[in-house]
Amino acid sequence: MSIKIKEYAGTPLREEDLKQGKVLSFGYWPKAKYSWSAGVAIGRYLAELRNARVVGRQCDKCGRTAVPPRMFCEWCFRPNDRWVILKDSGVVNTYSISHIAADATRIEEPLIPTVIQIDGTTDAGILHLVGETDPKEVKFGMKVQAVWKRPEERTGAITDIRYFRPIER
Amino acid sequence: MKKRVAVVGAGMTKFMRRAQETGKELAYEAARMALDSCGLRIEDIGSVTMGSAPDAFDGVHMKGEYLIDGAGAWRKPYMRNYVGGGTGVFAPIHGWQHVASGLFDTCLVVCEEKMSSCRPHPQAAFLTIFDNLTERPLGPNLVWIFALEMHRYMHVHKIPKEKIAAVSVKNKRNAMDHPCAQLAQKITVEDVLNSEVLVWPVQRLDISPTSDGAAAVVLASEDVARKITDSPVWIDGVGWNLDTAYWTNRDLYYPQYVENAAKMAYQMAGIKNPRQEIDFAEPYDPFDYKELHHMEGLMLCGKGEAPDLAWEGVTQRDGKLPVCPSGGLLGVGNPIAAAGLMKICELFWQLRREAGKRQVPGDPKTAVAQAWGDLMQMGTVVVMRA
Amino acid sequence: MSFTERIRSPEDVRHVKGEMPINFLYTAGIAGEKFLREIKENAKILGVRCRKCDIVHVPPKIYCERCFERLGDWTELESEGRIETFTTCYFDADGSRLAEPEIMAVIRLRGANEGIIHRVREIRDREIHVGIEVKAVFREKRDRMGSVLDITHFEPSAP
Amino acid sequence: MAARVAVIGVGMTQLRSITPDLSYKEMMFEAAVKAYNDAQVDPRRDVQSFVCSSEDFWEGTSIFDEYVPDQIGASLKPVCTISGDGLYSLITAYMQISTGLIDVAAVEAHSKPSEIVSIRNIMSLALDPIYVRPLAVDPYFVAGLEMMRYLHESGNTREQCAKVVEKNRMNALRNPYAAHASQTTAQDVLASEAVCRPLGKMDIAEPADGAAVAVLASEKKAKDLCDDPVWILGLGWCSDTPCLEAREWGEATYAKIAADKAFKMAKEVRPKDIDVLEIDDSFSYKELQHLEAIGFCKEGEAGVLTEKGVTAPDGEIPVNASGGSLGMGYTFEMAGLQRLCETVLQLQNRAGEHQVKNARTGFIQCWRGIPTASGAAMILTSERS
C-alpha cells in the first residue's frame, strides 16, 4: 500500500561501481549464431534484388500487392496468387533523421530512415534509407528512386539497394 | 463471465538504471511486497504468471524459467506470458484468465526486467527485434521506428512538437511524487525542445530511460478477495490485440490495435462512453507522443485531439482527465514489463485512495491502464473499478 | 498443399547467416555478492539457513524459495561433502571434443541441504560413484576473483 | 466446472531434420491451413483468440511474438505468446475459453532448430550466469547428472533406457510425420558415442523442424462445429526449482504434481482408464522417469514394463506410439503440441498405421527441457460412440 510503505527495495549502482570492482560483475559473450531460411517468398525477393528488381505478391481476392512479399494474404487468409514486378521507385510515407547507430552511439553523418511506399502498391511500404539529399530537404510524399549497388557488388540482400534518392523536388 | 476478479495487493521495487540485485532478487522484492500488502503467504497463492520482455536484456535464455524461485513459483503452476512491451499489462490479463476461468482462487502476477545486463547498451538488444532478412541488414535502431511513427502522427495531424513535449514535462514532474522514480525532474517544454536530437523528431527528453526493476500484483476471485480486503479493486475489462508484423505496410498515424483492444475491454466492462466514464488513465508512455497516440486509441479523445488536451492542462493530475498521474515510464522509468505492471499498481493505489501525494483529486471510480508493444503492433488494455 | 508455389530446385534455396550481436555483464546480486566475496577473501563457503523449512541453502539467497520468507541467517559451511550425482562429459559448451573428459558433479556440502555444481578431478572414472566424499580445492588467494572458479575443482577427501 | 472445452481440429507439418526450402512463416501457415481445414473454421471470421509459443533465442529474434500473426490469420485480433511449451499455450487458450470471453481459440507452436548454428551455446545461455555457466561445460551435463541419479535411485538400467529408444524409433516407422524413424536396436544405442556418461548420443532425441496448430472451442461451439470433439478433462502444470543446486535429481516432481492436478480435475479418470500416452521422451531415461512420476507404475518399474512390451503400441499402456520425440524428432516448444496433435488423431481413430486400438482417453505430458524442471500434463477423451 503505497502510502504505508516507507522504503522500496532496490540498490542502484553507478557504472563506476562496476568498473572499479566495488561490486562484482561477470562479462559474457554468447555465441548465438543462426542460418535463417529465407523460404519461398523472401528467397525470391532477395534473389530479385540481386537482379535490381523489387517484387511483390498479389492477392486476387482483395487485389492488394504486398512487399516484402509473402506467399499468403494475411487479411484474406489464403494463398496469394502471383508475383508482380514493381518499380524501384516510390514515395516517402514517413521519415526520420538518425544521429545514432544501432547500439546508441553517436554517428557523424545523419542517416534518413524512411518508410517508402513502392509505386504501384496501395499500402506496401518498406523500411530503407534516403540519401543524396540534405535531411532538411526530405518531405512527406516526396518521390524517390532506388540507387543500386553495382551488379558485381550485389549479394541478394536488402542492402543491394544502397538507398533511395529524391527524383523530384 | 465465470468469476469477477480483483486486485488485492501490489508491490514494486525502485526503478533504477542499474540494480545490484539479480533479476530473481528484484522479482522477489516486488512479489514479497505484494503479498505483504494484503497479508497473504505464499501457500495462499494458487498460480503464478510472469511477464518479462526480451531474454536479450537479462542475458538468460528461457529467462521465465530462471526467474521461477524469485517469483514465488516453487512447485506451483507457473507460466511466462510475452507480448513485447505490452507484456506489463498483458500479465494481469493472463492472471485474470487464471482466476476468471475458475481454475484458481488466487494468482500472483510478477513482472521483472534487468535491462542493464545487456551490453554495450540495452539499445543493442533492440536491433534483434527487426526482421532478420529484410530490416536488420540496414542497421536499424529502436528509436527509428518511434521517430517514423511520431513523424507520421505529427504530419497527419499537423502537431507542433511543443504540444508533445508537454507530456514529458508533465510526467517527469508527476514522478517527483513517486518514491520509486528514476527520472523525476522539473523541466520545461524548452528543455525538451533543446535536448539532444537522437532521431528526429525524437529528442533525449522525449524518451523514457532504460531501467532495472520489478512489480507484482495479487489477484483473487470475488469471494476470496472479499475475505482478504474491504477494498478490492476489480478488473472489470480486459482486451488485447496484435496488428500485422508488416509494420511498414500500415499507416502509423493511428494505433488501430489499441482501439480494438480498448473496445474489447470496454465492452466487457460495460463502458459505452469512455470519455465520460473513465476517471483517469495510465496509457503507455515510453515516448511522450505515445501517451497522446494511446489516449486516442483508447478513445479518450478524438484522433489528433490529444496534443491539445496535454497542452491545455486537461491531463494534469488535477485536470479534468488525469493521465499518467504516476509519472509514467517517462518519469518513473521503463523496465519494460515491470513498467506496464507499475501502471496496474498505480490504478490499484489510486482507486483505493492510497496514492499519497500522487492521489488524483475527486473520487475516482473507474480507470484504464494500457501498454503497447512489438513493432507498433500490440495493444493491451485493463479497466479497473474501485 | 497450403500455398501454390514452392521451391523446386536446391539452387533456389537461400540461407542468410546472422547472430544476436550482444554481450552481457551480470551482477551477482545481494546474496551472491556476499557469498563470492567470502570465497575470494577467506576461501569459505557460506550458506543461509531457513529456520521455518529447516534447510540450509547454498548458494545462499535472500529468500527461501519454498516458504518465500526473507532470509538472513548466514552460516559457514565445511568445504567438504558427498557426491549426489555426477556425469562424465566428453564435449565442451561449443560441442567440440574435450582432450580429456571432465567429471561434473553435484556436491552436497556437510551442513547444507543443497548441492553445489562443480568439477571433480584427481579421481579415476571407475572410482567415482554416488556418495563418495570430496573436498573443495581453492585457488591461491592472489588469484581469486570472487567467482565460482575460485574453486578450481573438488577432489576426493583424504581417506 | 461448468462448460467444457474441446479440441476441434489439429494440423501439423511433416517433421524433418532440415527445412531449407521454407521460412518459419511458411511452415506455420501450412500447419494453420491444415488445422483450420480440419476444424472447418475460418480464422478471420470464427477464431477469436490466438496463443503462440516461442523462446527468443531459439529463433534468433528478440520479441519474436511480433512475427506470428499474419501466417495464422491473426492480424488485428487478440494474440498472445507464451514463452513455453505449446501445451502451456493450449492451457492458456483453455483458460480463455473457460472465462466465457472467448468461444474459439487457436494455438500455435513451431520448431526450426536446423537454423540454429550454435545450439549448445544457446542451451548454455539458459544456465545460471553466476553459479553454473562459468564452468563452461557441455549443457547436456544436466541430463547426464539427472540420468545418473535417476538410475541410481530407481534401479532402472541403461539397457532399459536403450530399449525406450528402440521402441520409439521403431514406432516412428509407422508414422509418416516422423523425422527420425529407424530400425534401431538397444545395442546400437548402448554403442553410441558417449556424450555425458551415462548419456550416450542416441539417448538424446534428435531435433526436428515443424509447426503445429490446434483449434479449441467452448462446449456449445464444439458441438456445433465438430462431429467428434476431443474433450479436455483435466490439466495441470508445475515448475520445480530452477536452481540446479536445489534440485532433487532422481525425481520428476514437476511431472508428478502436474499429473496429480490433471487427474484430480478429471475426477473419475484413473491411470487404468487411459488408453494412449504421449509423454516426454526427449532423453531416453525421461520416458521411464516420467512414466513413474505420473503414476502409471511404481518407481523402478518402468524399465521392466518397457522390456516386457507393456508400453508398446499393442501393450497395456501404449506410450509414444507415435514414435515420441526420439522417433519423430525433438521439436522444442512444439513438443507438447505435437503430442496433443498425435493424441487427438488417436482418440478420433485417425492415426493410420500407428493407430492404437479402441483409444478413447489419452494422457499427454511435456517437459521444458534442460535445464528446467517444468512441465504440464493433460487428459483428453473422445465421446464418439
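The chains carry the letters A, B, C and D, assigned in the order they are written, with residues numbered from 1 in each.
Quick note on the criterion: a contact is a pair of C-beta atoms (placed from the backbone, for glycine too) under 8 Å apart; a residue touches a chain by one contact, two chains touch by 3 or more.
Bear in mind the structure is a predicted one, so any value in this text is a computation, not a measurement.
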item: Of A-C and A-B, pair with higher C-beta contact tally; value: A-B
item: Chain centre separation (chain A, chain B; CA means) in Å; value: 26
item: Distance between the centres, which are taken as Cα means, of chain C and chain A, whole angstrom; value: 41
item: Distance from the mean Cα position of chain C to that of chain B, given in whole angstrom; value: 36
item: Between chain D and chain B, distance of the C-alpha-averaged centres to the nearest whole Å; value: 33
item: Overlap residues in chain A, where contacts from two or more other chains coincide; value: 11, 13, 18, 23, 26-28, 30-40, 42-43, 46, 70-72, 74, 157
item: Contacts with 2+ other chains: residues of chain D; value: 20-21, 26, 29, 57, 60, 62, 69-70, 75, 117-118, 121-122, 125, 129-130, 134, 241, 243, 246
item: Touching two or more other chains - residues of chain C; value: 2-3, 6-7, 13, 15-20, 22-30, 32-33, 36, 65, 94, 147
item: Chain contact graph, described as a line, ring, star, complete graph or other shape; value: complete
item: In the complex with chain C, residue positions of chain D that touch it; value: 20-21, 26, 29-30, 32-34, 57, 60, 62, 117-121, 124, 129-132, 134-141, 144-149, 152, 193-199, 241, 243-247, 249
item: Parts of chain C lying in touch with chain A, wherever the complex brings them together; value: 2-7, 12-20, 22-28, 30, 32-33, 36-37, 94, 146-147
item: Chain B-touching residues of chain D, taken from the complex the two chains share; value: 1-2, 55-57, 60-63, 65-70, 74-84, 88, 91-92, 94-96, 98-101, 122-123, 125-126, 128-130, 236-243, 246, 253-254, 257, 261, 368, 371-372, 374
item: Complex contacts: residues of chain C adjacent to chain D; value: 1-3, 6-7, 13, 15, 17-20, 24, 26, 28-29, 32, 36, 57-59, 65, 84-95, 101-102, 104-106, 114-119, 130, 147-149
item: Interfacial residue positions of chain A with respect to chain D in the complex; value: 26, 28, 30-43, 70-72, 74-77
